[in-house]
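What follows is a set of structures to go through.
Shared between the two complexes below is chain A, which pairs with chain B and chain C, respectively.
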Partner chain A sequence: MVATTTTSSQASHGGVRSGRGVDTRPLIWPSVGVLLIWMIIPLALTLWFSIRNYKLDDPSITGFAGLGNYSYLLTDPSLTTALLNTLLLVGGVLIATVVFGTLFAVLFDQDFWGKGVARLLVIAPFFVMPTVAALVWKNLLMDPVNGLFAFITRSLGLGAITWFSDMPLFSIGIIVAWQWIPFATLILLTAMQSLDREQIEAARMDGAKAVSRFIHIIVPHLGRPITVVVMIETIFLLSVFAEILVTTSGGPGDASTNLTYLIYKNALLDFDVGLGSAGGVIAIVLANIVAFFLVRTVARNLDA
Partner chain B sequence: MATVALKSVKKSYGDINIIQGVDLDIQDREFVVFVGPSGCGKSTLLRMIAGLEEITAGELKIDGKVVNDVPPDARGLAMVFQSYALYPHMTVANNMGFALRLAGVPKAERDAKVKDAARILQLEPLLQRKPGQLSGGQRQRVAIGRAIVRQPKVFLFDEPLSNLDAALRVQMRIEIARLHSSLAATMIYVTHDQIEAMTMADRIVVLRSGKIEQVGTPLELYHYPANVFVAGFIGSPKMNLVPVKVQSAGADGITIVLPGGGTAMIPVQSSNAAAGSAATLGVRPENVAISADGPIAGEITVVEHLGGETLVYVNVGEGPFITVKAGGDSAANVGARVRLSLKTDEANVFDTNGAAMVPKVRKPLADLEKRGH
Partner chain C sequence: MASKAQKKIGLAVLGWVVALLVFFPLIWMALAAFKTEIDAVSSPPKVIFDPTLENFNAVFERVNYGNAVFNSIVESVGATLICLIFAAPAAYAMAFFPGRKTKDLLMWMLSTKMMPAVGVLVPMYLIFRSTGMLDTRTGLVIVYTLMNLPIVVWMLYSFFREVPKEILEAARMDGARPRQQLLLLLLPLSLPGVMSTALLSIIICWNEAFWSINLTASNAAPLTQLIASFSSPEGLFWAKLSAASLLAIAPILVFGWVTQRQLVRGLTFGAVK
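This part shows the complex of A and B:
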């Protein structure tokens, strides 16, 4: 939803401000039109449902709820938790992917034997469906009885960690990061390959050792691609869902419930479409606030 | 004091030998130009001196000390790259001061040195700009400034002017020559452009496929190329290289059969030239003239009027066209049948293997040094 909102607004912008004498607006109307319908109809329906009393399991309750759904949601303590969880998840995964993505990009930019295969392997998780990835992590790796991690920690005499009950959000974060590090690596690796070798050599002649070169040449060079990674990932990370559904179902309690999952819980588990829609509207508003700031910083960064 | 000495320096990538044994002594404050066609290994050789490329075999000495295993920043060199390689996120001042900053030079001293270099290169108004906001020529200056700030023993340039337009190139050429005399530093300059080599060098090193073909002053190379390759590479317009046959070799020189059957006697030592063997006559366009009693006959194919001079290309039946450099007032017409005469004492003869035969008399000018040491 957020993605379509931002792209369409940028697209229409670009069309109007074409530098040439030709009016390009008619040319982009068809696609803008499709995007608008695509976006407007679900948005309108969501808005409409959000002010209605609409429970799937009780058709007798109908009529306008006014802002009742909203006030219920905004005063519900689980919304605050969900917001906080969303921010933690997005922030944590962003940090992890950027840090590991940068390290992998620098590493895989070097020449070493088996580079091709190694690159393929580091990219591979990106092609695994979120549901499958979560299942693999839950059952094969993090399972406290049969999991690989438990096997390792036990053979070291440390006992097993019950990942999803002791640190549910962190565990989900690990899974999501595992899926998104390849994306960051891919983008940053491409950026690394466009780094002028002579710049690195000039830095070597100037007396910069590996660490100084990383700090003074590579990190500034990766500044823009990192902003791009952050922006794109944020859009997707705000709506993480499958990983939560498959592993913790938002629990224990609501310890790993994010906004998306809360909406799902309200709308489909509790059969309250009105409440779910109101949550959706809140999510849209929040996502657009985030997107607004992101696009602004990125645009500034890309201009510089 | 900064001398650079290479002793049978070699470089190979796997089985491919890129540099095949180079011996060279570069004196203090000398301006040496490596010139050669693209891919001959000029950059590789320069990068080996810089320490950016490992030396496979042989010895590299700077100031008499072997530096094969010394890292680039400890060799006391500075390099100007073809792409300038400025740090795009740093201002001009920070670009120039980067090495000093890494070396822990205090800020005040650093700023003073950067200001100094900026003044020499007229970069002062640009110090707070980023490289992206500079023109090509200004970036070039910053790259040179970054080298100057470090006060290196030896400056290395890798085709620094090849990204500039023609007018700017001439201007920067003069500027680098001026810097060379004012900084009194040793400079090694790589280019594929023989005009840059001729105009800037104290000594030119002509490279081909990783081997030195000849080392000498510009005029030495111009007048006495050691072989056909150097003869064809140095000089613009190119030297005429005419396939000929040896008729006889005597004490005064060699008599050759020219295209069309005419003969000419060239005063070179020709003891080992067998009668009837193939040879190459090398004669510069300015040493060929259109004259009624010349030994070569041909037809004018192309005439290029350059204003001050005229280049006339003459088809002599066999071999390549012969280029004649005539005066700007030449009345040569395309299609006219003409005869060509040669200044035989300015001509070179190359044997079957392409090596030059030693001339009987040597011009004093060829051994002229640009400046006394």
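This part shows the complex of A and C:
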């Protein structure tokens, strides 16, 4: 904080730097300064704690752990499970959102009666807070005794499905996909508006069927927006947390524990700061691999 | 070969069936909010029932509900206003006086958004604990401000860039200082953009459910955290849960609908327009 304050006050007194008569530093530095602090201090602390023995419920444990926390974590089967669950959840939801998002975008791009209102209904779940979405699905719809789905499957003679004990990760995936399909639809619908209608019309005149128009014109046009959707969703889906907390609490066992939930459990439920921090570092590394590609795509777009 | 009219009807039917299926959980929730607790859990489910407002009364009688609404408003609007105060000058400078490093700076800001919250959960929790900021509105406002600042800078930057440079040049010739240009000219000229930026920021804060759950408990708990507490067995009253949820999502749903077009720009950092 001290460093940035000094810099910005020096800049405002120190005269003009940019050649156009305006010193932009005092305008930009407050934002950059607070973001720098937000970046550096917690990150440095995470790294520091990750090589320490530090338990909140036992002050007698202290000192350096070296790479002990990492080696414990990396050989712990719960990390493997959590990484696998994260991969399944992110991958499954991505596939669902891209497939349905693309189909919905094409559907709601057509002209039909009441299209405006129908569009609003489709994008609505994206604005529902995660805890509400999860609890409504868990109770009103997926509850094995009184839920609506149980009533439907029983009426069909199939018996009730115990969603969260038999297929916890899949059930959470359904809820998360319900929230993110609208996001994909919204983005791709916007992208559809820059589609060249004459090209579609020409292809139709030439006798191209709807399916081949979709595959050869629409899908290529949506290629880049889909990439953007995939990358942005990946960032958010790596951090799915509230949906797991209020439905299964990561269980049964650790069947629905993802990386985010595992770190939360280690740090705030088992009070192991060192272990939680080491997990945090792993999460940051993973997210940065995705971020690298996202930033490159956006940067390319900035020139266009 | 289906006629054009038939095709059109088919399309409308398909579109509406899909839309209603996606929206259905919210309809079902809204219905449950007006049922008695007994009707809400009855099987077969009741579609026709005597609507009641008792759930809403019960929800408001719980002292902490009003408090959570208040917290959600204060924390999301507060963080958004502070964000705008920080971001507007920066976006103004970057849009109208771009330097060699402007692009790098924007990309760096974007990259701070990529840091997963859980990666810094431990230090944030410990910092909050040692500074007494756990379960305080101030603490959550600070986190939300930092969380949204990059998006707000990006969105304002992209809206400011659409204002013709000549207008600001003319103002400068007439002796308007940067602050005057920004406050008296640029903000009014790009008001729709500024408004949708603010709305997006409010939506993101309102629905934020990681920091609110981990850093607040009761005093500063916003709606996301309060609703999460309904997951414990003693909180399992479906009709009341539905009523509380309906009130919690309705205002933000309207905001989302109003700003949907501009939202795309903010959510994709301008990569899709």
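FYI, the second predicted complex is superposed on the first by the 257 of 304 C-alpha atoms of A that agree within 3 Å, B and C clash if a C-alpha of one lies under 4 Å from a C-alpha of the other, contacts with A are read in each partner's own complex, and residues count from 1 in each chain.
What we mean here is this: contacts are C-beta pairs under 8 Å (C-beta built on N, C-alpha and C of every residue); 3 or more make two chains touch, one makes a residue touch a chain.
Note that this is a predicted model, so its numbers are computed, not measured.
> Now for A:L73: first (chain B), second (chain C), both, or neither, which partner does it touch?
Neither: A:L73 stays clear of chain B and chain C.
> Tell me which partner A:V176 touches in the superposition: chain B (first), chain C (second), both or neither.
neither
> Please indicate which partner A:A105 is in contact with in the superposed arrangement: first for chain B, second for chain C, both, or neither.
In the superposed model, A:A105 contacts neither chain B nor chain C.
> Between chain B and chain C, whom does A:A208 touch in the aligned arrangement: first, second, both, or neither?
Once the two structures are laid over each other on A, A:A208 reaches chain B alone.
> Applying the touch criterion given at the start, work out whether A:A65 contacts chain B, chain C, both or neither, answering first, second, both or neither.
It touches nothing on chain B or chain C.
> Can you tell me whether chain B or chain C touches more residues on chain A?
Looking at chain B versus chain C, the one contacting more residues of chain A is C.
> On the A-aligned overlay, A:E198 touches which partner chain: chain B = first, chain C = second, or both, or neither?
first
> Which partner does A:I244 contact after superposing on A: first (chain B), second (chain C), both, neither?
neither
> Looking at the overlay, does A:V93 come into contact with chain B only (first), chain C only (second), both, or neither?
A:V93: touches no partner chain.
> Going by the contact rule at the top, pick out the chain A residues touching chain C in the complex.
Going through chain A, the ones touching chain C are 18, 20, 22, 24, 26-28, 30-32, 34-35, 38-39, 41-43, 45-46, 49, 104, 107-108, 110-115, 117-141, 145-146, 148, 150-151, 155, 178, 181-183, 186-187, 190-191, 194, 224-225, 228, 232, 235, 238-239, 241-242, 245-247, 259-260, 263-264, 267-268, 273, 276-277, 279-281, 283-284, 286-288, 290-291, 294-295, 297-299, 301-302.
> Which chain C residues qualify as touching chain A in the complex?
8, 11-12, 14-16, 18-20, 22-23, 25-26, 28-29, 32, 40-45, 86-87, 89-90, 92-94, 97, 99, 103, 105-107, 109-127, 145-146, 149-150, 153, 178, 203, 206-207, 209-210, 213-214, 223-225, 227-228, 230-231, 236, 238, 241-242, 245, 248-249, 252-253, 255-257, 260-261, 263-264, 267-273
> Show which residues of chain B lie in contact with chain A when the two form their complex.
Contacts found on chain B: 47, 50-52, 71-73, 77-79, 81-83, 85-89, 98-99, 102-103, 146, 150.
> Would you mind writing out the residues of chain A in touch with chain B in their complex?
Listed in rising order, the residues of chain A that touch chain B are 196, 198-199, 201-208, 212, 216-217, 220-221, 223.
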